[in-house]
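Letters A, B, C and D name the chains as they come in the text, with residue numbers starting at 1 for each one.
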Amino acid sequence: MNADLLIINGRIATPGGVYSAAIAVRNGQIAAITSDPAGIVASETIDAAGLHVLPGIVDSEAHPGCYNPFRKDLESESRAAAAAGVTTWGVHQPSTRLGAEPFVEFVQKEDVGPFLPVMPGCLKIIEAVSAVDVFITPMVETDEQVAEIPRLAGEFGITSYKLYCQSMKPELDKYWAGRKAGLGAGFDDGVIFGVMSEVAKLGGSGITQIHAENWQIARLFERKLIAEGRTDFAAWTDRSPDFCETHHVRSFGYLAKITGSPLFVQHASVRTTHEEILRMRGEGVRVYGNTGPAWLYLEPNQEAWRINVPVRYPVEREAVWKALAQDRGVDSVSSDHVISWLPNQRDVMFNDNIWKLRTGFTSRVEMLLPVMLGYGVNGGRISLERAVQVMCENPAKIYGLFPKKGCIQVGADADFCLVDLEKEVTVGKDQVASGSGWSIVEGHTFKGWPVRTILRGKTTSHWKPGAAGPTVIRGGTHGRYLPRIAGKSFQPVS
Amino acid sequence: MNADLLIINGRIATPGGVYSAAIAVRNGQIAAITSDPAGIVASETIDAAGLHVLPGIVDSEAHPGCYNPFRKDLESESRAAAAAGVTTWGVHQPSTRLGAEPFVEFVQKEDVGPFLPVMPGCLKIIEAVSAVDVFITPMVETDEQVAEIPRLAGEFGITSYKLYCQSMKPELDKYWAGRKAGLGAGFDDGVIFGVMSEVAKLGGSGITQIHAENWQIARLFERKLIAEGRTDFAAWTDRSPDFCETHHVRSFGYLAKITGSPLFVQHASVRTTHEEILRMRGEGVRVYGNTGPAWLYLEPNQEAWRINVPVRYPVEREAVWKALAQDRGVDSVSSDHVISWLPNQRDVMFNDNIWKLRTGFTSRVEMLLPVMLGYGVNGGRISLERAVQVMCENPAKIYGLFPKKGCIQVGADADFCLVDLEKEVTVGKDQVASGSGWSIVEGHTFKGWPVRTILRGKTTSHWKPGAAGPTVIRGGTHGRYLPRIAGKSFQPVS
Amino acid sequence: MNADLLIINGRIATPGGVYSAAIAVRNGQIAAITSDPAGIVASETIDAAGLHVLPGIVDSEAHPGCYNPFRKDLESESRAAAAAGVTTWGVHQPSTRLGAEPFVEFVQKEDVGPFLPVMPGCLKIIEAVSAVDVFITPMVETDEQVAEIPRLAGEFGITSYKLYCQSMKPELDKYWAGRKAGLGAGFDDGVIFGVMSEVAKLGGSGITQIHAENWQIARLFERKLIAEGRTDFAAWTDRSPDFCETHHVRSFGYLAKITGSPLFVQHASVRTTHEEILRMRGEGVRVYGNTGPAWLYLEPNQEAWRINVPVRYPVEREAVWKALAQDRGVDSVSSDHVISWLPNQRDVMFNDNIWKLRTGFTSRVEMLLPVMLGYGVNGGRISLERAVQVMCENPAKIYGLFPKKGCIQVGADADFCLVDLEKEVTVGKDQVASGSGWSIVEGHTFKGWPVRTILRGKTTSHWKPGAAGPTVIRGGTHGRYLPRIAGKSFQPVS
Amino acid sequence: MNADLLIINGRIATPGGVYSAAIAVRNGQIAAITSDPAGIVASETIDAAGLHVLPGIVDSEAHPGCYNPFRKDLESESRAAAAAGVTTWGVHQPSTRLGAEPFVEFVQKEDVGPFLPVMPGCLKIIEAVSAVDVFITPMVETDEQVAEIPRLAGEFGITSYKLYCQSMKPELDKYWAGRKAGLGAGFDDGVIFGVMSEVAKLGGSGITQIHAENWQIARLFERKLIAEGRTDFAAWTDRSPDFCETHHVRSFGYLAKITGSPLFVQHASVRTTHEEILRMRGEGVRVYGNTGPAWLYLEPNQEAWRINVPVRYPVEREAVWKALAQDRGVDSVSSDHVISWLPNQRDVMFNDNIWKLRTGFTSRVEMLLPVMLGYGVNGGRISLERAVQVMCENPAKIYGLFPKKGCIQVGADADFCLVDLEKEVTVGKDQVASGSGWSIVEGHTFKGWPVRTILRGKTTSHWKPGAAGPTVIRGGTHGRYLPRIAGKSFQPVS
């Protein structure tokens, strides 16, 4: 047969095992998987000897456009994602941050408008500048936006919706840059119930996400910590104890039960949350837990900066690894990638007083695989098979993209992430593709890196042997918008 | 490339979607899956146009050897299994029924010996006569057998163990042919705890099965029903209410939690059991539910005969479908195939008084796919994708055979079940390959049948177009024994 | 012995049984309980032949001062309470409604001040005008009020605090007269958490009350019902489905677990709430359920008017009776008595459009015993013993007043409610002592009425044989303020 | 008034508080409770100055007749009980041990007969020799005995039934003197289900007791400990880990849920059991936990001897105190009193090899109050009010004897236990009234002792000031049999 691309000599890594085979790509899809590629004539052949071939990473949560105009941010950060092995990105944004014109730096309530008019422009931007395929998870804030869900699903294939629970409270503006992040309305349990009710009606891949963190309670701890004179980084962890997270899981999990909506807990960062997720499944609720590299690696007493939910103490971090590795309440991993507003160099953002430190540390997507492969697989915390499951198969299934995305199967999109489990690198600016130009884990050494990313058969990033870091391929700008199909759990392949 | 076998024009059905591709087989394994088989030169080509290509069915519970010598039973019944689409069989037997010589018709306590000495002969029989690959799940009865588990796992790759809870009670001999089925010892919670403790130590694919049915309580209902003069078939259902099953799930589920053993509930036939399974997962127990064609199709007021656990009323049957289809407490399907002792023709066995009716109705494996495809998929009760998952992927994963078995993936065993979803047949003796010569569902019409079974690249059964039923291929006698790997969840492929 | 008062020939009704004995009172306390009162010389003797002698009713929730100045309301409504058999009243009010001067009709945020300065005046009013003993349950709205709890407990013996969850939402002002009821601040989960944390520190009788009803979700149903053109009374029930109530129980029950505060669910009006209460006890939370005559008797399709939580359909009403009678999640009964602002005659308040009907129907305390005795005890729904437990012993214990209040025991306050279980009366204005002058249950016939109320040895109300209704005794104005003891569960007697 | 007995100057201790009052007794019942006894003319006056007057202790589990003929054992041991403050004894025995003639030392299956023929003789013995009032809790072993329950309830007022779960297993005969204790049949879950079904039908005070301890699992630990050469006393604890107890609670708790029978867990000795009890209440099961002085005081590494369930390690013991004191899963206390077969002096019974040590250590009833008052109340582990509740009110209520027994109320039986909370004594043979003549806690010092026991107005035991121990009054032999009333929760008083 003829093929556009042939990948030989690699070890294919799937949730169900690791095996040797060649992969032939035609028209952007996997045309063949074969133990004997001898007869295949390919325009391009990649020798993956010594490498593992993973499905392209499906990163279900990222925030390009959060603090900068969408086009600009997506252009630079989707390259960082490509460099990091990602081929599919789930962009979570409010309507004000999906390319709405003009870009409003500090969003007010009146700036929060409907999604439907914004979507066409959003799609154009994606197809114009993205280096990764993109699906959208709107961050809903108003009843009016809830009412858009049926049309958003029908016309744009949007079946996932996010609730940044308790996001807008005047008393919290001080510490969380919500208005700068495009949120302006604030919302109550009615909006949450409304979203879940509409999502439940979608069926199939319909799913409600929540950022579970009760800031209304956290403010009491914040007040207390400030009163005690705490300014260290661990104060950010102490400000939002485990039950602030688990309370939301329990509370909104009940509404998921009542409405019938599946629930995706964005960062299940503490043991009590894992237990609550299991318990809720025991009540018949379809609930998933997610985590990310920050909670899997960073420590409160490091220069962990600020992130919400906060980085946890090592005992909880290891509990997250256990829940992730053993399939006990954590099902997937995403980057939560974001970059801050300009100027956003480290020195400008940094302050050793946690209350003055700027939120939004960078390069999260680029630490995803080093953490999963280096600290995780090579650190004995998770099997490679399970790592593939939580980075590829599960997010693709949960978000209705499987098997088009998230697996290596004939007919699927030819998205791959080639990784070198033996490559050991100490992070420096050379490995950073993000527009911000720096990384939170500079100076940390990881063994296990992505070395090539292939999106629908085309290499989008390549870390050449001997090079200091990956090179993003300009021709890689062929990211597409990914609609899903309301009422279907799967994305059919031919 | 060259291939031994090439399957073209079929629709490959996997848990993650249905797609068109050709499959090339070499040396009994899948060598390639390709959208363009043009360049493949194959010794044999099968045109699967109009058919779906499923992984070979992994039937995790069958009882060849139960009432007749193992060699004889396995020879005839593994052919019935092959005819039914099965390529991998999980044989559940006590030590007295794995080919132990001499065959003891009515087993007594002293006949119950260790497994280790029996296994070599058992393996020889399997390799000599079986038309399907076989893995063994010993039915443990004594402390001495519990003590064998580490060696059974290490030397024979046996990682699954069954407990026919409360099987031997003198007061039950009357109604259940336990001694005829090779059970002789009876056992207490200590044996159950012992099995689970040893299984937990195995890790990986180690799993404890239970037949959940509290006969100690059922005997009260039996006494009452007999006193009331009930002799109808539904009395067998009324004799063992839902809580008799769920009680065991709760009780032994707790021991699974304490020991850390995964638990496989053999027939999760009632809603209360599904709920209990979910609830126990909520406590962190790894517990699976299973069902079978009897509980998915038959009704108490039909000529349903006797089976344990009993066939349930339609409201429960539909609840089983829902739990199976929606992944809410039922994870897999198995046949529970058995044939009775000789003579075992229908007329000999039948009695319209349920208390005199002989247990062990036949042809269960042959009704598996007609029920799953006809009553299930074509009846709108389950998707084809999920049907494949519960008949192939899940049992293979649960029993540590994946991805060698249970999937269509390069490197996996070339086991396939080709099905014709449009084929409509009214069951008669022509479709029966079992040595018993008859079927419990004679006269019932199903749309959706297996038409060809392929085991490691060789056709073992073929229902030729126009033929009245499937023909089992003699050369199909190349079933092998399947060891698993203690401590591993997966069966590595190359 | 000498006594101030001797009650003879009655049947004493306690939670532990009903027995015949005489009661001697000295200095406002029970001095003796005796089967032979022959030697007792008493200033006053009451012949209770044919009557049952209950402890004075401990009504833990009433709202004098809610819509009218506290002094005026307490003066008139405490007389209604006395007429109804009540001797101890739990007054729930925000700081603006405990006699704060001047009386602000429509409270704004800035009107919501601290409790400490208001309490001395509040106590003076109680001692000046009340016909019943009174303890206070502040309705907390602000962080500043949370900070007052230690001093309120230490200086005023206030150990119970109420949260009218989600009370102030601008979008709800339209349908609930919150600002007219003295609430002005609104509050978040932080205030709830703060109250519970402070209450937990109190120990002993410390308890947090919640009004469990998620109005943020109810507003969606309200919007939908209005859009559908519904104006009937049952729309008020449909506006706030069971899960709106149960959601709060689950959500705030979790915070009770985290903080260690006991939780009192003000109106556990639906089966799902009872189940949730039991389940939370299973997690180790000390949680109580309460109900009242509205939910035990009225129906949505009657002229039930508006109340929050709404009156439920009969199936839920009977579930409340079952939970109350069988001690399965409902532990006590209170009146939730209130009268509306002037003018408040029935005709002025009434509207057959539920959305225009005024909230706050009257005479709830006066329907308490007719419902409990007539519809309950004589209707076969509850035993007299359990009725005494839920109206006297349990509220007194939960609120730290036992055994001074809530029982008939030597040393306890000589508070009694004499009831005639055979008295059958159709309600008319003659039985109404409330300042509002009418009753929601006019025209309804009940068998079982209070006929005399005695507070610390003095009759406060008497329904003389042949009279049309009870006469409140002017000399009954000797109600006192009841402090409780932080850190103690009991109110010690000498 | 005239009285037979007048108790003055004492502090009456009730679950609801402690107060000063005199008590007048007439015809064995409490005739008056009064703060002013001046006018009462009594045949006998007891000055209780410095003492607390408790209701007579209701000890719900004791085993007179277990290893010796019932008449002989009851005569001696009921005196020990009287000396210990007990006025009501719940005797748990199989039919062979309620005075059946002839006394069979080693009971065999055929010796286990019905209860109905034994009861008349049993009652005669009680009325002839007992120093305490007695109610019977049959230990059921057979279906035939299950069938007797309706008549036992109707004719003899027996509403409580005990299941010594898993008592008779041949393999356990070696270590537990079951046949010597009168048990001979062994039973299965059917008997348990049968008992619960019949008890559920009784309603009211109907209750099923279980000895929760899975000996079928414990035998594995026993085998292992013996194999390891363990002979120390703590091996008895290690033989029966917490989950052996909790497993039965979960398993049989489910049957209680299914049948609707209340459940009484005889010794809730571990934290996991308390949690399970709370959880089961959360499922709506009416379940009570009990404990006793052995589990509240002894330690495995003391000379704790053997008892079932075993004495636990201190961390569990303190957990029992917490659950008991805080009403979190433990509701009552009983002695589990028994004496061994003759000869039963300490030296004869003792062996420093736990496997050879004889079961049945003595004097448990006599350690009840010293443990509860000395180690408990004076040790700060429990309040006096709660101690009275768990020793008097709760057992009386649970077993349907309240308010005749278990409280101090006019009309109730005049049963009292006068205790001196300041009396400090080191235990020696002088304080032992049991026929065995010795105590397990000899040499231990307790502060807080019973000094006088009064049964229906007559002193049955008196520890005179200055005396070395209590003197049992011969005239105290007026114990009576206590029938309960099927269908009633209360024992009505006049």
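We adopt the following convention: a contact is a pair of C-beta atoms (placed from the backbone, for glycine too) under 8 Å apart; a residue touches a chain by one contact, two chains touch by 3 or more.
All of these numbers come straight from a predicted model, not from anything done at the bench.
Chains touching both chain B and chain D: none. Sharing over half of its contact pairs with B-D by residue number, the repeated interface among A-C, A-B or C-D is A-C. Look at the CA centroids: the one farthest from the centroid of chain C belongs to B.
For this pair, chain A with chain B, the centres built from the Cα atoms lie 40 Å apart.
Inter-chain spacing, taken between the CA centroids of chain A and chain C, is 52 Å. With centres set at the average Cα position, the gap from chain A to chain D is 62 Å.
Multi-chain contact residues of chain A, defined as those touching 2 or more other chains: none present. Viewed as a contact network, the protein chains form a single closed ring in which every chain touches exactly two others. Chain pairs that touch one another, listed by label: A-B, A-C, B-D, C-D.
Contacts from chain B toward chain A in the complex involve residues 1-2, 12, 14, 16-21, 24, 26, 29, 31-36, 38-40, 275, 278-284, 328, 385, 397, 402-403, 407, 409-411, 490-494. If you check the complex, the residues on chain D that touch chain B are 166, 169, 188-190, 193-194, 214, 216-217, 219-220, 243, 246-247, 250-251, 254-255, 258.
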